[in-house]
């Protein structure tokens, strides 16, 4: 059975190296400082005993005030899992550091969140739209994306 | 030798002798030739339809489904319906093609396919042109088969077609050598290039597949590669390069490639049965049927074998296919030539030759494939149990 | 003998007329209206899995394809020598056998060299 | 030795050659259909329908169009009951949702049409067809019987299960 | 040589010549290669009219089959030459000069040669057995040396192309 | 002009494999750069089938989301329903009756068999086996679909597993039919192995082709048979047992080399293990209700929940955020097909064009799930 580390345990783990990195401790997850994400991720990935070597998924949520990116980490060696979240403010260009250099699996998932939610992952090697075509107006999974006129959308180019 | 024309077919001979007083000699040749060609077409055209039907039906039954069964009884009219449909199809000539070559390719593809039938003996003396160089003519003509394929692939201005054409040339280039070398060992035994005399040789001795099993294997593999049929249809491997060289073809022009393919399959079946399986000779006991019927029956049998192979095997990869030709078939063919030479020189009894050659074929194929083959592919037995527990 | 080649020429003519006649018939059907002919730019496009072709098609290929042709020519010439030998072999007895064994052996050296140099690998 | 695997495979296909075909000749040979099959062949019982539009609300794509007219006395006459089976994805949620067992799905599926608008079925097409659907639902009585066995019931306001009274 | 053969010869010779001219005059290399095939086939036909059917078959097998494949692959190594033809270069004047000198030589030889069939010394046996007899009994050494030539060609090709 | 590029250099040729290609499992595009026939670069392009399912789900009630999940991985819609239902149950704390859990296991494992059947058949089809293995595999898949039709009434999009259980109890004729199927199935698997596994062509086409090294497999987030073929013993049914998987005795086949052959064989063995699980589940099937008693509209409390299951393609995860309303605020799917493609580039480069389709087929994606 995968041991799901709850928020308190996770906070304790992260606080060992990043005492001021935790923004909020939730029941089953922690929110960490956005600018420290890459360092925290590297720490969680590399530290023996934690070795979160498997990034199961990246999800992002539009909470109107801010965007939240949820990372679901699993360690295949220790068989425990942990959820960390980061928050990105600003609707124009919400920025979150990319973790592609740590987990390659973040490549497509970050591109997907960029495409559909409009979160810019800084440091991503190839951040371009993945599902929709270049030139699509807006990011459809945002809550303020309501309707669009099909006639105004340029056909998909190559 | 010149007399062969006059008695290659009884009716033909009768007509020709009836006309011999009236017409000049060259006209007699044309009349005799035309009658022969018509006889050949009478065999080929229905065979086209029959083979298409047999292939579809047989593959259907291999795949535990019915196959065509809507048009006519057992779907017998299906190929006819296909033919009617394909004549009525729109013929698209894409914008970027090299028009002349694009138009010529389906016409040219038919020439080698039909010309090889000139030297195939359907019975004793039942041959269109009994050339001295029989089998060499056949090989020469079939070596031209690559040109229309390349014409089609190159002129289409399509990358898949071009890849298919390149593959086709390379494949033909690779398999022509073992094909020729396997035939040479047969020629060494018979001492003649005439296919008719090869059959007569088999009547006096054993059938050639017993005398030259290794040559049969090499010829069979090479010929099916030259035919571009599974498992060697890399030229038109639809899951890789769409349809290969005829990707851009449609309508009647496409059907010419199709027809030429089946014509070629029949030709190869015919050569197989003539050179290795006694041609028009009947099986030892059953001597009732006429010779040409035996021959056609053998052709259809080998056609069914080709269908069976096509229904079973996955396609080989291009480089593996080339490797098979150069590294496996070519050395074996060379060894076979040397061994056959020694055997012929020592004038051994056919039964002894057959015995030695069968043993040699099995030994060489097994030994050589073990030697050069990828051992992992052959021998590795992999375990699929959790060996390394990841989770503590 | 030439008569037989005359027949082959006839067969050649038939082999050209047959597909040509088919294509012309098919063309005639188009004029009669039995066969559609509605070209449009999209239909006449080169097939590239539904996209426009990227880059040129007629480009320079890998030169290793050239090995194959060279090796093929050499072995084809060898085969051309082998045919008369195979027919005439019985008259020559041991001398012929040795003669051809040397011939093949010399070419086998080249073959082994090509093998060792990985010239037989397809790219 | 190389080739034995190929020979085995060839043998397998040869053995399949003599097996009877597995496919069915569809239009002549009827396909056996499960009694629960959800087809487009809707059936609607006019007497039972109260026009509550629960089905329309349950439909994920909103393909059911209901217009009712008040008859007074808290009763409604269904004026229009259209189902666009061209958009319907046969999930069956409408049938499950109906509290009065008035809507069913039949096992018919051969309802293709040349025009999109022909795919909208009206209440006249599906009303009182006499052949009720085979789509399986627990009859109402059994549902009630089930409910008595249940000791806990889910309380959405608290998100907890509470003992069932 | 009877009339039929003569007619066949002139048709084939015309075909061969015209194809050969097309080979050098066409700008598209692939078209040139196709005419080269036709030209080879015409030559094979001429061999047939000379009763040399074995040579004809070898002509088709080696030239129309193998050499053309070599040409095709060589063609695939070129780039825009395929559609645009060869670009004019600074080698044009010497090439023209060489061609002109060659033409002069051939023309001179053609004019000077007494065109009399020397029936006595010409080989008469064109059958395979005759060729084999000459090749394997009379010209044994050239035959064996040809294998060395082939070997050198093979190794040379590999060495050259590998670099 | 003359002799300036006399060196014989190969020009790379750019080829689109897809979106309209006979072997791309839907509308998928691989932009290949070839040197001769060797792939020197590859870029997967997708999104042609994007239907914005996550957005669609946000506008529907929790029950209405299920028919839409059917259409994601349309070859195994039962497991999509299962994953979605489990996330909703986790979000709203819905208990699941035991009989329903067993039924879910049976359906999930039958789905795994049918999905693997299709994957194997298509894999052989892409190797050019001219549909014969595909027809044999589809024969089995059809039998499973008949079973599914018996319980759910549909043949492709079942909408059977629901939050709180399953939509309805199995009909009485299901159990004998299912027993009959699982009795026959091992024999058919033997037949497939006889047809394929020792076939030299298949072995040489797959062995050592498309190797996904162990570390890259973990790092690129591969899951399911792709991960296990690379030698990682990670199966959520064992490592994080959901439903009642911990009550069954089964093995997880794990490869060692991570090549296409291992992926092929892992699926082959998984079918056998699934048959074992179905048999045990049928033997132990308890009586009782099959669904929790739920209101028509499920309104979970605010919060988020993530549930993951092991489908035929890998780890399918559903992340749901509720704002306390009747519709999910956010509905995210961790699609195994999409994430297994991450390492595709590394697997393909250096191989031949013909290997591309084989490697691609061995990942076994469904475009409905990649693009959603």
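By written order: A, B, C, D, E and F. Residues from 1 in each chain.
Note that in this section a residue touches a chain if its C-beta (ideal position, glycine included) is under 8 Å from a C-beta of that chain, and two chains touch if they have at least 3 such contacts.
Computed from a predicted model, the values in this text were never measured in an experiment.
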{"item": "Identity of the chain that, by mean CA position, is farthest from chain F", "value": "E"}
{"item": "By number of C-beta contact pairs, the top two chains", "value": "B-C"}
{"item": "Centre-to-centre distance between chain E and chain C (centres being mean Cα positions), rounded to whole Å", "value": "18"}
{"item": "Length of the line joining the C-alpha centres of chain B and chain E, rounded to whole Å", "value": "29"}
{"item": "Approximate Å spacing (C-alpha centroids) for the pair chain A, chain C", "value": "57"}
{"item": "Gap in Å, rounded to a whole number, between the CA centres of chain B and chain A", "value": "60"}
{"item": "Multi-chain contact residues (two or more partners), chain F", "value": "8, 11, 13, 15, 21, 37, 132, 135-136, 139, 195, 199-203, 232, 234, 239"}
{"item": "Multi-partner residues of chain C (each touching 2 or more other chains)", "value": "1, 5-6, 48-49, 51, 54, 57-61, 63-65, 68-69, 71-72, 76, 79, 83, 87, 111, 122-123"}
{"item": "Junction residues of chain A - those touching two or more other chains", "value": "76, 79"}
{"item": "Complex contact set, residues of chain E against chain C", "value": "4-5, 8, 48-49, 51, 53-54, 58, 61-62, 65-67, 69-70, 72-74, 76-79, 82-83, 128-129, 131-133, 135-137, 140, 143-144, 146-148, 150-151, 153-155, 157-158, 161-162"}
{"item": "Interfacial residue positions of chain B with respect to chain C in the complex", "value": "1-2, 4-5, 26, 29-30, 32-34, 36-37, 40-41, 87-96, 103, 106-107, 109-111, 113-115, 117-118, 128-132, 136, 154, 156-160, 162, 166, 169-170, 173-174, 176-177, 180-181, 184-185, 187-188, 191-193, 242, 247-248, 251-253, 255-256, 318-319, 321-323, 326-327, 330-331, 334, 337-338, 341-342, 344-345"}
{"item": "Chain D residues touching chain F - in the complex, by the definition given at the top", "value": "2-6, 8-9, 11-13, 16, 22, 32-38, 54, 58-60, 89-93, 96-97, 105, 135-138, 146-147, 149-150, 152-154, 156, 158-161"}
{"item": "Complex interface listing, chain F residues touching chain D", "value": "60, 63-68, 70-71, 92-95, 132, 135-136, 139, 142, 146, 149-154, 157, 159, 164, 167-169, 171, 191, 194-203, 289, 292-296, 298-301"}
{"item": "In the complex with chain B, residue positions of chain F that touch it", "value": "13, 15, 21-23, 34, 37, 124-132, 135-136, 139, 195, 199-205, 207-208, 231-234, 239, 251-257, 261-262, 265-266, 269, 352-357"}
